[in-house]
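Here chain A shows up in two complexes: once beside chain B, once beside chain C.
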Partner chain A sequence: MSVKKLIIKNIIKRPVKTTLLSSMALLMAFAILAGANLSKSLIRGLNSMEARLGADIIVIPEGAQSEEELKNIYFKGTPENFYMDKSIVSDLASIEGVEDYSIQYFLASSVSDCCSAPVQIVGFDPENDFVVAPWIKDNFKGQPGKDEIIAGSSLSVQTGESLKIYGIDCLVVGKLGSTGTGLDTAVYANEETIKHLIEASKEVGLSMVGEKSPDETVSAVYIKVKKGYDISVVSSTININFKDRVEAVRTKSMISDTVKRLDDVSKIIYALVTGIWVFSIIIMGLVFSVSIGERKSEFALLRAMGFSKIKIVSLIFTESMIICLIGSVLGIVLSLVIIISFGNMIEGYLGLPFLLPNFLNTVLYSFFALFITVLTGPITASISTMGVCREDIGNALRR
Partner chain B sequence: MNYFKKNAAGIAELLISIILVVGVFTLFKACGLHEGKAMACHWAENTVKALGIVFIFLSAIRLILKEDGVKKGIALAFVPLSVLTFLIPGKIISLCMMDTMRCQTSFKPFVIVLSVILALISLADVVILSLGKKDKN
Partner chain C sequence: MIKVNNVSKKYTLKNREIFALKETSFSIEDNKLTVIYGKSGSGKTTLLNIMAGLLPPSNGSVSLDGVDPYLLGDKELSLFRNKNIGYIPQGTSSVSSLTVLENVMLPAIIYEPNDIKEKAVSLLKDLGLENLMDSYPAELSGGELRRVSIARAIINSPKMIFADEPTNDLDKENTEFVLKLLKEKSREGMSVVIVSHDEAAMKYADDVIRMGSIQ
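Take a look at the complex of A and B:
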């Protein structure tokens, strides 16, 4: 019988050992890949959110609730609408250190529009905007006209289709790429469309904003601070000068809670992956030492037939490598299926920005998980085998 | 032992069908009623439930009956039925508009993953049963 056949027979004829070891390899590969994908997705989500905020300071109406509502839009995708007087915009522009500003107007669609949940409608000025426009440019060339919208990636509507909002068929002229944030469920429109939607909402008796039109009010002012100016000083100046009217929030402080939570979640993920890895090594070591201990006479016989100690170790190494390879491949497939299919569900549970790694990174992580798992098992097995091979052939055969 | 070996794929089909139905009734159900109004995904959920019950019934019959030809026929029927189940959420029956909604985050991936597994097991079952018949001949 050739060595190859011997290895295959050893794997097939010991189903309990093979199943247990490949299950451990499956668990290890699954944990490593899922852990790597999860932590990378969270980091990508946070980076994407930082990029999408696009300003140094966000000015919103005074009150703790406004900041929470703004966070809801960015983190949870919950539609919110809050307003402040538009006259504040020129006052803010005159503050020393303010380089540029963009204004946004928030509106929420009604539930009955699309038979699902309300959608956040973000009104912006395509010509003078530096927050949304650069991002939109990546996916849509041109500017949305009247009754035209640009849809976030999480909306199941495609370019060329229309979305009924307050009874108006709004044509989707572009669809944005995924950001992993609450902004993915929003739609973007110009001021003209917003005004039309407000009128339509009044007509159908679903007005959420009363008489407040974009001519008189804004929801948020995004401020870019001039180089050489301290962002916190500019932010404090706004808060002091316009106390009781508006609140200036530094974008960095807005995501500081998220950074802390992300850090905590990452620590838990690393601890879990390490725990599972150590646990799998221990179980594998135990299974290998028991199984190799039982095969002492088999090894002695092989040595009597002329097999060197190194050849026996390499035989066990290959055998365990095949078992671990089967388990790791299954673990990787399972991990990818769960992470890719249930990514949105995981995002919902974590409540953090979540953006899956790109294809190349996923392939790299898969190979990393495969490499670690396929090496761990055989190394553990070889260590156990070396101990057994040291025993005298005669003693082993007599037993 | 021989019975389990011979019917391993059938047992797997029954287990997956049960998981599908139990999952769709509990953890992986669609969005449900919103303000007393049934959303599109509600009908997708009902259809999957009905198909799941058919799966359970057929896989149970497949385990009880002894004729290999009937077993193979049932396994063969599972393949298009699994493909149909795969296509229900979002393709045959539309779901809610936002990807963040329950029907999109849990119901759809759950049904898709289980229907793919079910189709693969059924295909394997057909192959195993065909090979077994050849061996007998």
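Take a look at the complex of A and C:
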């Protein structure tokens, strides 16, 4: 027999109180960790998106749909095809303020090709590209050869397997890490391969480039602006000079809507977490207050036996800490399971880039949620207990 | 020796002073069973609680073997209570989450781990509770709970036992049993102070302190 046994039996022998309090702790820990993970995932998704855009200006074919189609590729992972005349590339290079440029080709596979849904194929020049190539280098050493592709993280295909695209077997030579953007559902190929695939799409009657040769078209030109030049001025110059041919979009303006939506979603998350936290504190406070009030004469009896005020407070503090610890651990496990299992669904629902925090950050957030929850309950309980301890033992025993 | 010097207790209620105990002085010798006898409302329980170090008096002082408990800090007073005082409360107070045996052992393990089980079992046997050791307080009758309170009060072999109406609501058989037991403890060297309005307690008393009603 020890005081520890008294604590454990107080927890076990009051199942209603224990269940209610640990449920509140579960809710609190769940909300704090889920909120932190959601918020961080959205911020990481946006940062990843900015890094993937990797240029100051993106030039795409002129037309109302092009910018939306580009956003679809990045934000939703919806495959798109759009092309413009390649002669624009040298014209753009001659614009004052343009430091460097990369070209990309976009091709959507057909549904029947390889996967349950069309896949975006992104063509780039591994030698000169500054947008996709550095990211790919982080995950794949070497360069993809002819009819070789590198797959995005969300595709189920593995390195060494093949994807048949427009009748051509493309060998998967590498797999990329997750970016939390629509690019995770794309595959990446060099110029030779993408041109081969565009030709193949023509042969099956699904060409989007019309009668033109793939050598005469590009989908987008990514521009880096020289230091000291105003990006918006360079962008306007392109739009004025090539008004009917192309449209220059500042990458920052492309994600400005996303930044605003992310800001709105973050505010809702913070408000929900704060609301749940306050609600849990109120319920915990009420439960502790009622439970400790009911045990007034028991505490008086313990004090008559020789428990000091500090021993009583410490008894209740430990009791409530164990209850909150059980609830918190369950809440953290539940939160991690839901966030990890339904991350893609949340991403789809919010329509925002979503990249889960790394392991270290997840562990830190879990400890933070545990710390806040495990302390909130005992502090609430101790405040109620201190009130009870102030009463004279003799008077409390007579009730 | 228990000394009570000019002790009184008053409460203030809506700017009005209410006396729970008028100024009282007396001494109780060691190893005796003393009954504080009086009608309801005479301040018996208030006096007992003051003597047991559970209720600070408004005026006066108490000396328990030369120690004024109200000059001690909470930590020291709690330790003093644990080592020197056995208190039997009015009613059926007990720790509901612990078994009868655990309730009895509790005072002995507050300050240090103590292998007290054998003594507790023996006490419960003496009190006729050996079959209820693993029962919980909610499963016991009033008389049984009172006997548990007595066992708990004497487990640490205190110098003083304070019992508040220990025979209240008990049948004749249980009343005799409890009073005999407390008398036995006084003979074993404990000073026993009983507050009672039960005439049956008088025949076991070495001394009687009669309290009048408070006007």
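List of remarks:
By definition in this document, the second predicted complex is superposed on the first by the 390 of 399 C-alpha atoms of A that agree within 3 Å, B and C clash if a C-alpha of one lies under 4 Å from a C-alpha of the other, contacts with A are read in each partner's own complex, and residues count from 1 in each chain.
As a working rule, a contact is a pair of C-beta atoms (placed from the backbone, for glycine too) under 8 Å apart; a residue touches a chain by one contact, two chains touch by 3 or more.
Just so it is clear, the structure is predicted and the values come from calculations on it, not from any experiment.
After superposition on chain A, the partners chain B and chain C are accommodated together without colliding. Legend: residue contacts after superposition of the two complexes on their common chain; A:Lys141 is shown touching neither chain B nor chain C. Touch criterion met: A:Ser154 reaches chain B, while chain C stays clear of it. Note on chain A: of its two partners chain C and chain B, the one contacting more of its residues is C. In the superposed pair of complexes, A:Lys227 makes contact with neither chain B nor chain C. Between chain B and chain C, an angle of 70 degrees opens at the CA centre of chain A in the superposed model, to the nearest 10.
Contact with chain B, but none with chain C, is seen for A:Asp184 once the two complexes are overlaid on the shared chain. When both complexes are overlaid on chain A, the residue A:Gly77 reaches chain B alone and has no touch with chain C. Once both complexes are placed on a shared chain A, the shortest Cα to Cα gap between chain B and chain C comes to 18 Å. No residue of chain A contacts both chain B in one complex and chain C in the other. Contacts from chain C toward chain A in the complex involve residues 45-46, 49-50, 52, 54-56, 74-75, 77-79, 81-83, 87, 89-90, 93-98, 102, 105-107, 109-111, 113, 116-117, 136, 152, 164.
The touching residues of chain A, counted against chain B in their complex, run 77, 111-112, 114-117, 119, 153-157, 163, 184-185, 337, 341-342, 344-345, 347-348. Touching chain A in their complex are the following residues of chain B: 31, 34-35, 37, 39-40, 90, 94-101, 104-106, 109, 112-113. Residues 1-3, 5-6, 9-10, 12-14, 297-298, 300-311, 392-395, 397-398 of chain A are the ones that touch chain C when the two sit in their complex.
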